[in-house]
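Given below, in the form of structure tokens, are the structures.
Two complexes are shown next, each including subunit A; its partner changes from subunit B in the first to subunit C in the second.
For the complex of A and B:
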């Protein structure tokens, strides 16, 4: 597939054409105010680092109405739930970072798994065109390459944009839908493979030497699980859950009913495996009773369980949010290295 | 698009108090909408989310057998918000059920084998479904000897009395019901389930055991079966964990990489031996 060029002088026209019939969401605001927001085609910014929160909110808002019922006994459907999800709006999101796009593709395989499809996720997912912006220069917390991704990765994207010298945007299709859309936009096509590859190599190199986490992939699950390091790894953890809220692949939620005298709704709200309540049984028994089990769960889930279920793809994409946000400086890279050591063959 | 979160509306046709402590009641539901019963096609060992509008949902094993038409049965222990609310509901009230969820017991794979079914306390629910299914004239000839061991603390805590008493009179199933301590006029066995299992369980050749019960019962019954020569592949168990979605998405019921709701709740001991004991 050839690449395409959106000229610097015609970027507004490009975004106008890209968002024809769709709302355009792009990162707006700086620092921890940076978030995906509806944007006019002439207001798109290219100079952000990344959105503060992960883009999972696109398809999985922090709180979401699933269904509703009323208590009007004169009607036959009193006290019977009916669907009440928000209607999905055709959307193009521009400026996803490849780590986050990869995160969305991991979460997508959970919400559309081997047995069930989550209609609330799918409705929004199917209505969204995902356009990424490659990361020429990594931020201090970035480690996508170490986790098997790339700052120029195409996973989970319909189109990846990368900046060319002089301010033009190179565009590369990541899906058939993306390829079709690029063709429709009637852009200048060009062979940018060499530029793309050299930019990608430089961006990966800028992240520094990547540790080799493959021993975790090869290790026995129970050996990783039973290793004594979890006690010290979890020692500082406050179980605050900020890592899970910021993580692009964390998908856990709670379902809660809310009602008044007229009727009620069934909501789903983000939940966190760091919470004691998350797993406690009605009997009071809790399979993950202390923070040691809960911290172990989070890292085993990211680095062992998800790869086992998703053909080796890790549940950590190296976006670095949990590292930046953790109040006690727990670093998933350091935990991964401990897991590598615990999985090393015993010297004894 | 099919919405697996949306319950089928059902009417409570009947509520039966099962135990002397009144903590267990069996709810007989009838589907309100024609066609929903067919959509809710299930097999023994599967579960459903019982939904009370405004209160929430609880995952409960299906106690009826798919061979029983026109209704579904669930036996509910009074524990939390939803189950307590349900215990105050009346016949005629409307609520919801969604499912079936999870995988059934591997009854197809057990064809031609002897089956020993071991139940403790109110975990007997999906085993009532299993036995009812196995004893159907169209299913019974496909299986060898069937043995049912069922224990509870006292006679008043045994569920489904009419049913197991009827099974006991049949000659195509061996029924051993036991209580923890001797009481007057008790005509059946006395002792804990592991001890009774040791005494009556059939030889392991061409035999599978299906166990459902409280953790302490499983803990002491498992070694009895292993000593008797049962292989982990032939010991089948059903797990419980806290659940919300039942679809393998909300994340809380996992045991290692497996979700109890979507990938279980039925596992063989051979499978569980390779997984963390987070249940």
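For the complex of A and C:
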């Protein structure tokens, strides 16, 4: 597949064409105000680090109504639930970072697979064209390469954009739909493989020497689970759940019903395995009674259970949000190294 | 200007001594963080582990939060944190003789959001040697920042920087800052109820209900917080503004007359909510009604935890 070029002088036209018939969302605002927002084609920015929250909020918001009913007895459907999910609108997101696109593809396999389809996620996800922007200069907290990704990775993206010298954008298709769209846009095509590869190599190098986390993949699950390090690893954890709320792959939710005199809703809200309430049973018994079990769950899920279920793909994509946001500096890279040690053959 | 390393040395020496003497089984302090602008709470149980203890301009978390239920514990504490620890003793969360306070007279801790506003470029390294400035380093730059310019707002108005009730001090005493004048809070009080509601709704509009503020707070030691109760469930769980506001208002009320303005709630909030606004209103009220400041005495109970038959109770009328 060849690559394409969107000329610097025609970037507004490119974004106009890309978003024809769709709303255009791009990262707007700096630092912790950076979020995906509806953008006019001439207002797209290329100089952000990453959005503060992960883009999962697009398909899986903090609170989402699933069903609703009213209590107006004069109508035949009184007190009967009907679907009330957010309306999906055709969307193109420009500027996803490759770690987040990969993260969304991990979450997508949870919400859409051969066993279930979540209509609320699917409706929005399937109507979204995902265009990434490669990270030529990864931020200090980034470690996507160590987690098996790349700052120029295409997983989960229809198209990946990368910046060329002089301000043009190189474009590479990541899916058939992306390829078809690029063809439609009637852009100049070019062979940019050499530029792409050298930019990618430099960006990976900028992340420093990647630790080798493969011992976790090879380790015995129970050996990892029973290792005594969890006690000290978890000791300073606040169990706040910030790590899970910010993570692009964390997807757990809690279903709640609420009603007033006029009607009621069934909704789902983000939940977090860091809360004791997440696992407490109706009997009062809690299989994860202390923060040690809860912290272990989070890291085992990211680094062992998800890879077991998703053909080796890790549940952490190295976006660095939890590392930057954890109030007490529980760093998944340090935890992963402990897990590597605990899986040494002598203990396996 | 004490060098941070000198303070750290003092902390390590004391920590080792307390462990060796059996006075403490664990020393709760700070270790260096894995990323710039952070430290991490650290639990030292051996002399070797004590060598990881540091002192820093980024020692923001209030370690008294880790005290309830512990035995034989030594705590590294700034002025505000030591007051929280005293409060926990007063509130029977830890017996006085199980606790040893290594106090660190403090010149304030850094607000990372202010640092980011000053230096938007990615920061790869922070070099700090004294407690009045530090150097930020990134791709092709190195800038010095004076701490005074990036202090957390609670630190800017902290009148009790020296932990006077500590069992020992790891650095020379420092003078307190000019106390909070509560000017904004007094101005708010003159607004209409509708304006005040709008103010509070705006304050919490980005809240994620992650409860990091509560979990980092040394006052929030309830085994089950009212927001987590399920039988009955007192509060909705969505991002509905009234439910979110109810959480903040009730938490504020529960902390009234107990909050030492350590700022842990604001430090940990991932979306920079000024959580302390709620506490400050009540801090002002308690100061006015009872001339009480928490954490300055080992035996004086917070006014709202007591009942006195001769209470004038003017404020209720």
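The rule we apply is simple: the second predicted complex is superposed on the first by the 342 of 348 C-alpha atoms of A that agree within 3 Å, B and C clash if a C-alpha of one lies under 4 Å from a C-alpha of the other, contacts with A are read in each partner's own complex, and residues count from 1 in each chain.
Keep this in mind: a residue touches a chain if its C-beta (ideal position, glycine included) is under 8 Å from a C-beta of that chain, and two chains touch if they have at least 3 such contacts.
Every value quoted in this text rests on a predicted model; they were computed, and no experiment measured them.
Partners subunit B and subunit C fit side by side in the overlay (superposition on subunit A).
In the superposition on chain A, contact is made by A:256 with both subunit B and subunit C. Of the two partner chains placed by superposition, only subunit C is touched by A:323; subunit B is not. Contacts of A:209 after superposition on the shared chain: neither subunit B nor subunit C is touched.
By the touch criterion defined above, A:246 reaches subunit C but does not reach subunit B.
In the superposition on chain A, no contact is made by A:194 with either subunit B or subunit C.
Between the C-alpha centres of subunit B and subunit C, as seen from that of subunit A in the superposed arrangement, lies an angle of 90 degrees, given as a multiple of 10. In the superposition on chain A, A:119 makes contact with subunit B only, while subunit C stays out of contact range. When the two complexes are superposed, the chain touching more residues of subunit A, out of subunit B and subunit C, is B.
In the superposition on chain A, A:82 makes contact with subunit B only, not with subunit C. Look at A:140: by the touch rule set out above, it reaches subunit C but stays clear of subunit B. The overlay of the two complexes leaves subunit B and subunit C separated by a minimum Cα distance of 7 Å. Shared interface residues of subunit A, touching subunit B in one complex and subunit C in the other, are 254, 256, 258, 280. By the touch criterion stated above, subunit A contacts subunit C in their complex at residues 30-32, 49, 52, 62-63, 137, 139-141, 232, 235-236, 238-242, 245-246, 254, 256, 258, 267, 269-270, 272, 275-277, 280, 323-325, 327-331, 333-334.
Listed in rising order, the residues of subunit C touching subunit A in the complex are 33-36, 38-43, 61, 65-66, 113, 116-117, 120, 122-124, 139, 208-212, 215-216, 228, 230, 236-240, 267-268, 270-272. Looking at the complex, you find that subunit B touches subunit A at residues 1-7, 9, 32, 51-57, 77, 79-80, 83, 94-96, 215, 240-242, 244-245, 247-257, 262, 274-279. In the complex of the two chains, the subunit A residues touching subunit B come out as 66-67, 69, 78-83, 110-111, 113, 115-120, 122-123, 221-222, 225, 251-259, 264, 266, 268, 271, 273, 278-283, 285, 287-288, 293, 297, 300-301, 304-306, 308-309.
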